[in-house]
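Some structures to go through are shown next.
Heads up, the next two complexes both have chain A, just with different partners, chain B and then chain C.
Then we have the complex of A and B:
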């Protein structure tokens, strides 16, 4: 087990690394690597060893994830770089190899013919690398215009909006979540024109930072939420040059922005309601879930609420299958009302709400209605009803 | 919430049932129900209420699963049948409804127009049933010719053979596992003609019971293993009329048998080996897993063993990707040997072996070799090597 071919050539990169640190970094950046890309170099993971440790980067045409493995974490040595350098390795196979290495320590050498030797205990892998010169450069974003919020809050904001984006790629900007920043308040809106979700949060950063018409692809938002799954602490965000960068500890997440002008959604949101319903989020959700069992095969998944006298009667009927009916106790003010809507929109909105109790405001049977946590105003979901017989 | 349509008609079936007992039974029989079947009635679950409780049945063209919910379990009431009767309900939707019912108790009524009312607390479902007369009858099997083994042992036997069946449907009997019973020994064999797995177990039953050429579809075996996942105790088995029935407590599992004559596999199994290798199952498996990372994209997933001097050198090379090499310590007797084979066959065989240590016997580089647990003779895997340069 000699470095047979490497002996006759110069060393391009050389390091020793802790296996579990490498496994973690590779699984993070792998989320951005697709084997289906039409750009061959993007099936690879870029590896750069520098004075500070190692940086791994994975990318597809929408997002880029970059993770640094620092030399030390909590005084524990993670990487010893003997020669700085870089290489691109085939992403999927590199990830599989790293996960399967037998030992805790990994010896890693790249020669100037891009041949890569990865050794751990009795196992030695030789992998043909790709030229890092071909790998796209990361955008350089201005590090001044930063705003900040806790990672957990960002994950909530994503979870409470992204499900409402349009899924049909042909719908352009509506497939993204709109971010607007003004006076330190970030407003995130998603809509597919049948329903809308909006969340507002206070962020830290310079008061005069204003963002308008920043639209982040829904898919990127979902990937970001997954990438941040185990993250805590704060995230820094920078928007520039048709890109957004989200930073958390040793992780950098880039997404392209969508082009086009996002519609003004403020005017579709009614300011108040005639009939107002307050009830248990969980009980209402479960009743809608049951009602939709019968109708979900249908195109519109229509269920009906009949609201009066301290209760909501939930009903649904599907011609060939059958029907459901049940009642949920509620505090109702204002006129009685019967209204029909898509059960999936309601379930997705109710599932995203963390409060035990919700308030729903109606202005009529054919106008959009608003669902909000009973205890807060910064989160809002709107659903357009469906006309039925 | 009145039984509106049911009032004017006669009751066909009526019962009260504990929700969790119903959920368990429905999930068991649902494993046999496919929504893709071309026989509409088989998308349903058949329900029969009799003096002893309830029987649910699900079926596709290959397997049938039938589960009884008895009136009482451990003195706890599970079903109260007020009127015996039967109905077929749409399988997927019925399963979803049952799982989502709000209460612990379920009231269930079917009228003579096959309309079914399922009530639990505040929720009431009305489902259109199908005519149980259209549901295929279960085969009547002779209850005398029974043989018996522990459920856990049956699951092992399946797990240690079924992976070796041919997956291409055109291969006929080779897509099944052959069961032969003679002198109280059940021999199970699976082969796709490139590798073979055989397991022998002692069963209880009449000594003179002989079975030859019983071939059970591999898919049925996999479904049976899943169906028995949480089962313990003993299973009774009966073969007749081109069907096998496996019984465990309140569960009956039927599978059709494959037609055609299974080849005689005894003559391909060498009786002894010249080179014999004994080593750790886990270390050898992990080395093969690593070697296959490089070659698994290729058609044959070929890796090579070079056996000599107390070790196995495991190597693999893929032209464009790279290579792996590592060594595993082993006890070797007989002549040195280099042999190449499909890594997947080896991994599947090694993963199915529960013993810590294995014995591999070779008779030459181009003849099949045998893998066995080092401590037992009743389990055997055979792999045909691949010729390489």
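Then we have the complex of A and C:
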């Protein structure tokens, strides 16, 4: 039987595409498509076929992800565009359909009434598209403030900072990661006012470029890390007034920036400490994890360290549950100290550290302490203690 | 021997206290009512003479006057009632050290072991009643039972209706007296619960007592079990000065003296309420992690209003921090119509003995300022230090400092 309704009208777009390339691209942009939005067209994925191949775009009010499927990858044909054109398809259902298509090849036709036919082996889907003219245009960011770094480095910078942002929306600018650039050094800081993480990396770009108070939402950072999961090579960062664009050859990731002035964190980071502790990252982490088994049930997750005589005694007690005590061998200099803090902050900081051994510097029992990899200065975590009575 | 628990209840408490203080009111119908100008104009208590005209608690003053034009209306004096309640406790403590105030006019007393001093239980009950009459000139009704729940039901269902005001409900006589009563008369069964029970074919307390407890548990969980135990006169809770009652939340709700129409006015009261709630939290060394805001619209014909809650980033008892979240919450849900009442609660309470310090020093200072303000108020009076906004026309703090439970001290 002939499904002829779409055939009597003019062709708007036509192409053949490799299914797995399409599935990858759709799952990438789907991260930006939200099911609930005040702008209905943003529940859709925008598709553009041009001479270079296919571009998919998904967007919500915070981020926009645009992925290009090139005509060829390593001499392998991925897309053959017979007629260039564009369409917006409902995001969720389009994604589900693409993933479940039976064959390796997908044949795709759109007519000028925006009706879309997607064919793969014995399956043929007919989808009603939306008018691409309605879809918001991507912002054109001026390429004045640009710098470059390897994708792998960017991912590790994100991983080592973003967990420290405040999660409650009411915390405003603290829900983001602050980026500052000066003399080719990018400083990334995140804090929820109870702990802080900072990472500094060298980036490529104009030596004169100075960036202050660029604050990227923590959620965008997490999505960016996922989007870049399989990327290698270099990415460009383009910073504008209220947007940032991170891009490489086939990917564009836009995020809005947070408004408001990020607090001056340089003032609150102590320069050194009286009591200094050097020990194995892994052993310390495991001891904190064990201590936390007791306290996380009691909600506040407070553990106590008593530091003296070449060891850290880790204790925690939860009413009605029980208690735990253990010792970790450490190299200790300076006066003895006893300090309480939230175990979760410590675990998150230690898990993000790649070095085998760490150095912790204490300034007092009521003031923040600094955790750093023992072998480098470019990474720093800070935890504010809990006052106990 | 087994415990014998008495529930001592004072008849028409506020009204009776007023009559006891002013003998000229003795044979007149007397009611205690708030100020109708300030919307607290409902009957809080009516003496038996006033009740004989059909006046009930919660009638509006206007309704009450219609039922009984010669009604003598007295403004409430909350401090006097509180003091009287404490005197009552002191009287009861002469008979036993196990006394538990249950409400302002109801107290439990366990008289186990007091027989050798005061005689058999019935005699003790009579002596208590006489002492209260002689010293406070108040009429006490006394329910007796082997536990608190039977004492309470003995009082509410029988003692209050008897001339001598004393009734003893035991596990032996409860089948005869308690079980035939309709289910609504059982302690803990409200209008809604009675409807559910009646739909299950349970019409009397006895029918509930003999109903398979498993089915009740299946439907209401622990509460189903408690209902069944109550019907069977089983109650394991002891009489104690500090009932093992873990406070779940701290809150205040205020009925405004007039409709508040603008955000600026409402904001003032919400901040004052935040201060009161946080002050109570600080005094009890607690912090809360959930903030609740509730309000009621001014138009009674179209009931509006809301109750919303939100989780704070961390537990707090800091006034401005709690207020800012409460205010955000209010603005998000307010329909911009005038409001009649406003409330704020702090829940998910934790001790302030472990307090997460802040990275930014001004936050740590803000945490301390509340405790300092509380200390000033404690030493020099509730109005010794106020926020400036409390002096604006919308402010209620000065007026509230003179009140207990919404009525003048």
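Here is the rule we go by: the second predicted complex is superposed on the first by the 382 of 389 C-alpha atoms of A that agree within 3 Å, B and C clash if a C-alpha of one lies under 4 Å from a C-alpha of the other, contacts with A are read in each partner's own complex, and residues count from 1 in each chain.
One rule holds for everything that comes next: contacts are C-beta pairs under 8 Å (C-beta built on N, C-alpha and C of every residue); 3 or more make two chains touch, one makes a residue touch a chain.
Since the model is a prediction, treat every value here as computed from it, not as a measurement.
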| item | value |
| --- | --- |
| Chain B versus chain C as contact partner of A:382, first or second or both or neither | second |
| Partner chain(s) touched by A:194 [first = chain B, second = chain C, both, neither] | second |
| Contacts of A:276 with chain B and chain C, given as first, second, both or neither | neither |
| Partner chain(s) touched by A:153 [first = chain B, second = chain C, both, neither] | neither |
| Contacts of A:211 with chain B and chain C, given as first, second, both or neither | neither |
| First, second, both or neither for A:168, with chain B first and chain C second | second |
| Touched partner set for A:23, first chain B, second chain C, both or neither | neither |
| Residue ranges of chain B in contact with chain A within the complex | 1, 90, 93, 96-97, 100-102, 116, 122-128, 286-287, 289-290, 293-294, 320-328 |
| Residues on chain C engaged by chain A in the complex (per definition of touch) | 311-314, 324-325, 328, 350, 353-361, 363 |
| Partner chain C, residues of chain A touching it in the complex | 166-168, 170-171, 191-196, 263, 265, 268, 299-300, 302, 340, 342, 366, 368, 382, 384-389 |
